[in-house]
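Two complexes are shown next, each including subunit A; its partner changes from subunit B in the first to subunit C in the second.
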Partner chain A sequence: MDKTARKLLAIATLLLFQFPVFNILNAQGILGGHVTGNVQFDGQFSRRDTTIGSSDVPEKLLSNARADILYTNGNFSAGLRYEAYLAPMLGFNSQYTGQGIANYFVSYKTQTFAVTAGHFYEQFGNGMTLRAYEDRYLGLDNAIRGINVSYRPWNGVTFKGLVGQQRYYWDTRGLVRGLDAEVSLNDVVTSWAESKTRLTLGGSFVSKYEGDETILSDISGYKLNLPHNVGAASVRMDLSHGGFGLQAEYARKGQDPNIMNNYIYKNGDALWLSASYSQKGLSANLQAKRVDNMGFKSVRSVSGEMLYINYTPAITKQHTYAFLSMYPYATQSTGEMGLQADFMYKFKKETALGGKYGTDIHLNASLITGLDTTVIGGKGTDGYTSTFFGTGDTYYGDVSLEVAKKLSSKLKLTATYGYMLFNPVIEGHEGDIHHNHILVADLTWKINRKNVLRFEAEWMGSDSKYDAAVDDKRCGDWIMGLVEYNFTSAWFVSVSDQYAYNDGIGNYYNISVGYTKNATRLQLGYGKQREGIICIGGVCRQVPASNGLTFSLTTSF
Partner chain B sequence: MNKSRTLKSIFAILAVSLSLASCDKIEQDNYIVFSGAAGEWFDGNGVSDHSQRAIIEKYTGVRCVNCPNADIAINDAVAGYGDKLIAVAIHDSSVFTRPIGQTPCLSTPDGDAWSHFFGVYAAGQYPTAIINRTLNGNAWDLFTPTSGINSRVDNIIGQTAQVALDVDAHNNNSTVDITVNLEFLQSVGSDLTLTLLLIEDGLVVTQRQPDGSDDENYVHNHVLRDVITDVWGADIECTGNSGEKRIAQFQYTPTSSDWKLSNCHIIAFVADKATKQILNAAQSEIE
Partner chain C sequence: MKKLILSIAIMLLCSTAMAQNAKLPSNVTIKSLDGKTVETSIIQNDGKPIIISFWATWCKPCNRELNAIAEVYEEWQSETGVKLVAVSIDDTKSASKVKPHVEGNGWEYEVYLDQNQDFKRAMNVVNVPHTFLINGEGEIVWQHTSYVDGSEEELFELVKKVANGEEL
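Showing the complex of A and B:
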């Protein structure tokens, strides 16, 4: 966004909200509309600690801040987001450094028609051809700036179309065009209207345009003849009958030599399947996927997580406990196969296993492997061939059983056992596969209506050993304890420590205090953060070690 | 319109849209093309013609009403100076280059890169030209090429060439074999680059005229189609000592089947790698 546009938008915003801003923002009925918003400020001090590998921060204070403001008036809405990274917190790309209006849009929406001009987020199907989204904790924003239109000519039929450029930190890059159509046959075919079987079909097509550039091949004196328009298409279905469900999506991508696939010309494809069954107290889900060369970015030469046009759904469990999530799985868009089974059951009250209050169990297992490939060349070739059902190296495996039981009216225990295997190659380095056993006990004591005490104990036994040459500080055997006290319904304080007691290094203690009132939350923490990787939905970012103070303020109005 | 007809219409629109935005397909034997940037240099036999030539790069566009007048002036100058003046017509990405109707777009990414570098695009005035990428004071000597060509050309070709240059091109089964010979007539201390261009003549593409009308039969000559080397040229391996003779051979496969090789010729120019200023230029038909 250039300076002139920024100024115009700022002036328009002030006029719209009629200065002074804060008195008005809380008011309803501005120009007949409503203003809502939220503000988040995260700050960090970090200092050098050679034992965990953290460094001094030249700026002393690092901060990520943002304010979203949304104005709605009937069918019309407009919004903007101001972001400030001064300087970005550890783990966030330094290209975010700066401040300004990072997102702005106007939108008009009726029951049958919607149009958005400016920045927007969108997803076609499961996102295998297009998913423009934002995750502030990953430092990821693939918003598209352009025009997004959707049209529902009849109930059950939706068409979407978009064109725009993707956000790249404080710039926009590439050119993305997309179309999507979805038909709910039960709404369109009159005789199916009352059917217990529900079927929705959809399809999408997305293409990107890039100009030419010189990328030399491995053969001296030759360069790549690059495709300027690269397309990806998918078909999908969603079938359900009572408690049964079956979803499937298949996507293909044309020749797309890029930095992720080492500039090979092989077509890409991906298949995702999900079968599920649910009834009261029970749910089961089985997922499978195969991804082959489906990394799709709006700029072929950009690595990292920015500028992805598409997204491959993750089929590993998103763990929350510290040791279970210490080795998260990063989706390998260049090629992987995976299976996941998930089962939840509630033993009813007053049964042998349910006891007085019932018992919940949650069993999850996933296995991800590489593809069975045969290399036929490097840059400027088709790269490799792969067999559809063949598997390659094991990348990741995970089995966890979680049992949650209310022991009394005031005590609830959640016990978890997990087994995990992790191949470091998915993080880009060689090494032996890590095999980890994890135990977690989580006890919540509801002392009274306003006071809750929570204890958490974790243990992880691993066959990995810390090696200074590799410097993976997650290796070894670990124990952890956490005590968290919530009092007066507004305050909480927690103390935790993770300690590598065998074959590892590190002692990571943390203390944090928080206060919540209405829609405002303030949190202050002090401690050490181990370097590692965090992943959300298979999309990851590196987190460097830190040692110091963190604080966070969020509020909405 | 009933429901099924509307549905069919929407699907038809979607199908057409999809086909328009469909992806490019590169054939397997065409995944890599000659880059031109790695031509190997050897000791050569020298250059018989020691002429100092000038090359005029004209930034133009099919919607630029004054550009036909510049074409007349440049064509007159080329006719007058013979092989001492070489012309290139560059269509960048300005609004003036947008095709009129369904006519082909003559813009090139390389020409656009030059336009941005030399400030033509930013200035937004078309036609604009520059001869041998020379400076006027501290700024590029950009000018409107409806006049002022001859004085600039005279100033350049009146000097003794530092480097004599000769280029030869042959069509070898749709691959162009290019041979470039250099001879240093004076010592040159700076690093030099060689840039090779594919130029097409006789393109009939609609051009807006000074009176605002559109001439569907306008013939465009000297049109830059491709920069065979890197956009800023390939390094010349040489000592730069007076009397040194170097030769390099290149093979080039045009990247578009829309270009008629029978209407094309090759331009070569030697430039100072740091200052971008052109020392000498030559051109050859593709025989």
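Showing the complex of A and C:
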């Protein structure tokens, strides 16, 4: 096509859009429906700094960008996501380098039936047999590309079925098949419809297929006879009666020699229990779990965080203050036991402890240990035996007490004390257990309707000392200060510094400026940042380690 | 040719975007606090405005926002008939703590769980808190991410306008 023809065609197209015909089509929903989406861009000009693990970057600018475009029209929806990692940010696997359409799907959904073709996310129960999910800030995406169907023949009964392959950076790997059924008995048994007691039961079965490969056993040097199909199944319940609740799930997995369990043939299992009581202004929750050899991946020989089919939840509290979240705990899928307790109470207004505005307290405690195991062999054997109630090494424990109190109509204080112990063995290196005491004071001063100041002071005392051989930069005693100024909900500036004043190394200073309008948010930062969850300027997000200038833009439309 | 495709794409996008406000999706699956699977069509308020707030138990600004609104919620309701629907994006790590958290805080909101984050994706929520305002026709007329102490007052000004049928 020559230039003139192209121009003419362009003009003709533009004119066509002005025609009433097009508008009618649009209004009738033929071309109608809605386009929505979100865009995110994160960039950093990185400077080398060995103290936080950021290295020399030849590209100078590291960036992650993505855009989701979603089209919905009645029961139909379709979406695609473009991702560009043209030098991925620190903390992201270099295998992400590249760009392209990382996710696409079409979906049709009615009240009783739904089908998705393409990439989808799904979770059966608590995810102990299957959980395909995404955490964009951690660079985690276990999306399944295939077909996902759900069918609700009667109110209260749901069946799900899926088949597909899992995302592996820019590739898809493995083969996963899954079925799930859930029955809400109160909806099925008519006489129970109005009962105060509610019971939901569910079960799932998931299997993966893989071809053969050569893995040699430790002793004889024989090639292992690897199972090609590996299944995992679970049963679950959710029972509630007024303020009482009891949830449980038990999962088992067949022989699944893989790189995470060092190619042993032991069956895996996991049990999770949660009991709670709550009424207005008071709640208590107790959770327990036991996980034994339950890492389930669609490709047996791939280590790392990708290609997990299942998910065994960490039950420990997700802390968000910097020092409390310095040692986040992740489930050891090879084996662990855990207990977690949570208690919340609201002292009412105009009482002795409540004062004029009331006082909230939140108490939390957890303890995670390894299993009590006896080794019986290496690769190609059952590996080890374990007792059900026995415990092994202590991995992690924490106790925290948070008191939140409105002091006046303008001042609000949250004070927290935390005690934490952490065994470096769960991050793969030997060493003494770290014991940390942490204090946090978080004060918000609402000067007037448009101006709000927030101060945060934190202290951490630790018996750990920085050791260059291990290079754990969280060791030692730390102090931190943060001041944040908000002008309406639109602007914020924050300045913070974390400093190791004893037995540690590191000085993390940061200044950030942000602007938010509706669902668009722009943030600029300069300084040194530790990776972790950061809550400033009114939102919480996970950030990677950085040194230098960072900027981020998110918008939804 | 590229220019042409681009211009068509832009025209299509603009014309659909301008046609009307996007509606609140009605067929996304979420769970109620007592474990019942429901569709988002359950989010109704008899032609009065609805605030939908995406939050998580671990998100401090979300909790500050929901606590601040809880103090004035009765007034907001009697003045405008508004309803707040709090959608928790807590995943399997903390989903079982949502009900105790809501009760412990004494919130009177309608609360749903979005464990698989289907609703979050359908609404293009990136970070929490993310708040939407829905008018009587079920259209999304405003959205905002982040919470700063006092910004609930800005939100209430908008709620009053929507309750009176004014354009934002």
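In this text, the second predicted complex is superposed on the first by the 502 of 557 C-alpha atoms of A that agree within 3 Å, B and C clash if a C-alpha of one lies under 4 Å from a C-alpha of the other, contacts with A are read in each partner's own complex, and residues count from 1 in each chain.
The definition used in the following text is that a contact is a pair of C-beta atoms (placed from the backbone, for glycine too) under 8 Å apart; a residue touches a chain by one contact, two chains touch by 3 or more.
Please read these numbers as outputs of a predicted model, since none were measured by experiment.
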Have a look at where A:Q255 lands relative to subunit B and subunit C in the superposition and call it first, second, both or neither. first
What is the contact status of A:L179 with respect to subunit B (first) and subunit C (second): first, second, both, or neither? first
Comparing subunit C with subunit B, which touches more residues belonging to subunit A? C
Can you list the subunit A residues touching subunit B in their complex? 153-154, 157, 159, 161, 177, 179, 181, 205, 207, 211-214, 216-217, 219-231, 233, 254-255, 265, 380-382
Using the touch definition up top, name the residues of subunit C that touch subunit A in the complex. 1, 3-4, 7-8, 11-13, 15-17, 19, 22-23, 25, 27, 29, 34-37, 39, 56-62, 64, 91-97, 99-106, 115-118, 121-130, 142-151, 153-154
Listed in rising order, the residues of subunit A that touch subunit C in the complex are 1, 6, 9-10, 13-14, 17, 22-23, 26-27, 31-38, 40, 68, 70, 72, 75, 77, 109-111, 114, 121-123, 126-127, 131, 133-134, 136, 150, 152, 156, 158, 182, 184, 186-187, 198, 200, 238, 240, 243, 245, 247, 274, 276-285, 287, 311, 313-315, 317-320, 342, 344-346, 360, 362, 412, 444, 446, 449-450, 452, 486, 488-489, 492, 516, 518-519, 521, 535, 537-541, 554, 556-557
So in the complex, the part of subunit B that touches subunit A is made up of which residues? 3, 6-7, 10-11, 14, 17-18, 21-26, 28, 30-39, 109, 230-231, 255
